[in-house]
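Shared chain: subunit A. Partners: subunit B in the first complex, subunit C in the second.
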Partner chain A sequence: MSGHFSAVFFVLALLAAIVALKVKDLLAAAVVLSLFSFLVALLYVSLGAVDVGFNESVLGAGVTGILFVIAIFNTRRRSRD
Partner chain B sequence: MIRPKETIITDHVVRVMVPFIQIFAFYVIFHGHYSPGGGFQGGALLAGSVLLQRVVLGAERSQIGFPTRLGIPFGALGILIYAGVGFLAMLDGGNYLQYDHLPFGMTPVYLRNTGILLVEIGVAFAVTGTLVSIYDDLVNFERRDDQAEMHSAGSREDA
Partner chain C sequence: MDGFEVFFVEKWPYLATVLMILIGLYGMVLKRNLVKKLIGMNIFQGAIILFFIIHGWKRGATVPVYDEAFGDLPANYVNPIPHGLMLTAIVVSVATTGVALALLSLIYKRFGTLEEDELLRELRAEPAGAPSSGEMASQREDVEGAEPDDGGQR
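Moving on, here comes the complex of A and B:
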């Protein structure tokens, strides 16, 4: 039962990771990376590790996405010195 | 520079969602010993609700919920609760964090329950304060940088 679900989540997470690597826009890459984190969290939950999945969905999909966006807004194209 | 965009949809969605996220975070903290979750996850959820306000409502309006200056003291208070529970157990002759030696006058089973709950609350405070202060430092980093740049440009004009 849960084996099918975990296979689906695994393939989707792999696709999301490849998209996050290939996409040019950094903001889009950050968003796809938090989608990847959420899919990995679903994978953990479907494999029975509810605690780890909870952690991953809160930190990986929520806080890390916000921190990546802030880091992107803090960078500039050219260095200052 | 990030400038706020006034959209009523995100504003209202966040204002409705944040109390529910916080209630769920407290549920996760206080039921950490019977169900998945615990201090770390609950604290991360609390920090997530504060960060959601910071991102959507802007830096000024989100100060009402959780002021920037409270971040580090909140985290330090959490560490103090954790270490305090540990050392209270040592005062009564137990080991560090040996819950059944806590001087609260209950049966050892309830003492373990209460001790785990107190430690979870400490962990939640520490995680909340630290995550929010990491975000605030990252945002203010840019502002401090711009001021330094303006300052150095001004001094260059003087020279």
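Moving on, here comes the complex of A and C:
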């Protein structure tokens, strides 16, 4: 792997994944999921896949987050687990 | 023993990716809220894409764009084939998420909840195979709405 930056991004992405599944507020979970997507996009760029990183940061962090927010406002915000 | 240490020093990204896949699987299988299941699926997809991107990586290689300093040797450039494949996979994953969220809002409109155990309880309360009163009413409305339209065309 290319240096220590990848390790830092890896640990942060794993933490974001765990937090996104543990938070009971679904809107917060959607925001943390966007953060996870952006960290994974940084990881792609640090691995040499610039195009994939660009695509993930636009579609994964942007469009998916917007879709989740719309769906959560149409349904319920609280989750029981 | 030596090979074991080499495995952990050289291949740690694979182990971390497997850990990420397991986190996504945990969300998909053990979480009871359907939105949480979908978040777990998104994490799973990100981890799979990361797995392929790590496969294409080489030590000391650069971005797959021609550079004077790196010359013509293919070993100096990262393998671009997994990148192309995963570019498609990201778009497909966004489409999958959109369809799943549309289905979730339909489920919420029909049953008023997104918790899996409450949904199962409501499904067991209904007699199997028989449509509920709400569904029948909407079907009747559809039939009535279609008939005058047909008559007008004739």
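A few notes on this one:
Basically, the second predicted complex is superposed on the first by the 74 of 81 C-alpha atoms of A that agree within 3 Å, B and C clash if a C-alpha of one lies under 4 Å from a C-alpha of the other, contacts with A are read in each partner's own complex, and residues count from 1 in each chain.
Everything that follows uses one rule, which is that contacts are C-beta pairs under 8 Å (C-beta built on N, C-alpha and C of every residue); 3 or more make two chains touch, one makes a residue touch a chain.
Computed from a predicted model, the values in this text were never measured in an experiment.
Model built by superposing both complexes on subunit A: subunit B and subunit C fit together without a clash. The superposition-derived angle at subunit A (between subunit B and subunit C) is 70°, Cα centres, a multiple of 10. When the two complexes are overlaid on their common chain A, residue A:35 makes contact with neither subunit B nor subunit C.
In the superposition on chain A, contact of A:74 is made with both subunit B and subunit C.
Look at A:66: by the touch rule set out above, it reaches subunit B but stays clear of subunit C.
Counting the residues of subunit A touched by each of subunit B and subunit C gives the higher count for C. By the document's definition of touching, of the two partners only subunit C reaches A:17; subunit B does not. Touch criterion met: A:50 reaches subunit B and subunit C at once. Of all Cα pairs linking subunit B with subunit C in the superposition, the shortest spans 7 Å. Comparing the two interfaces of subunit A, the one with subunit B and the one with subunit C have residues 50-51, 55, 59, 63, 67, 70-71, 74, 80 in common. Within the complex formed with subunit A, the subunit B residues making contact are 1-2, 28, 36-38, 40-41, 44-45, 47-48, 51, 55, 131, 134-135, 138-139, 141-142, 149. The part of subunit A that touches subunit B in the complex is made up of residues 50-51, 54-55, 58-59, 62-63, 66-67, 69-71, 73-74, 80.
Remark: subunit A residues 1, 6, 10, 13-14, 17-18, 20-21, 26, 29-30, 33, 36-37, 40, 43-44, 47-52, 55-56, 59-60, 63-64, 67-68, 70-72, 74-76, 79-81 touch subunit C in the complex.
Of all the residues in subunit C, the ones that touch subunit A in their complex are 12-13, 16, 19-20, 23-24, 26-27, 31-33, 35-36, 39-40, 42-43, 46, 49-50, 53-54, 56-57, 61-64, 78, 82-83, 86-87, 90-91, 93-94, 97-98, 101-102, 104-105, 108, 113-115.
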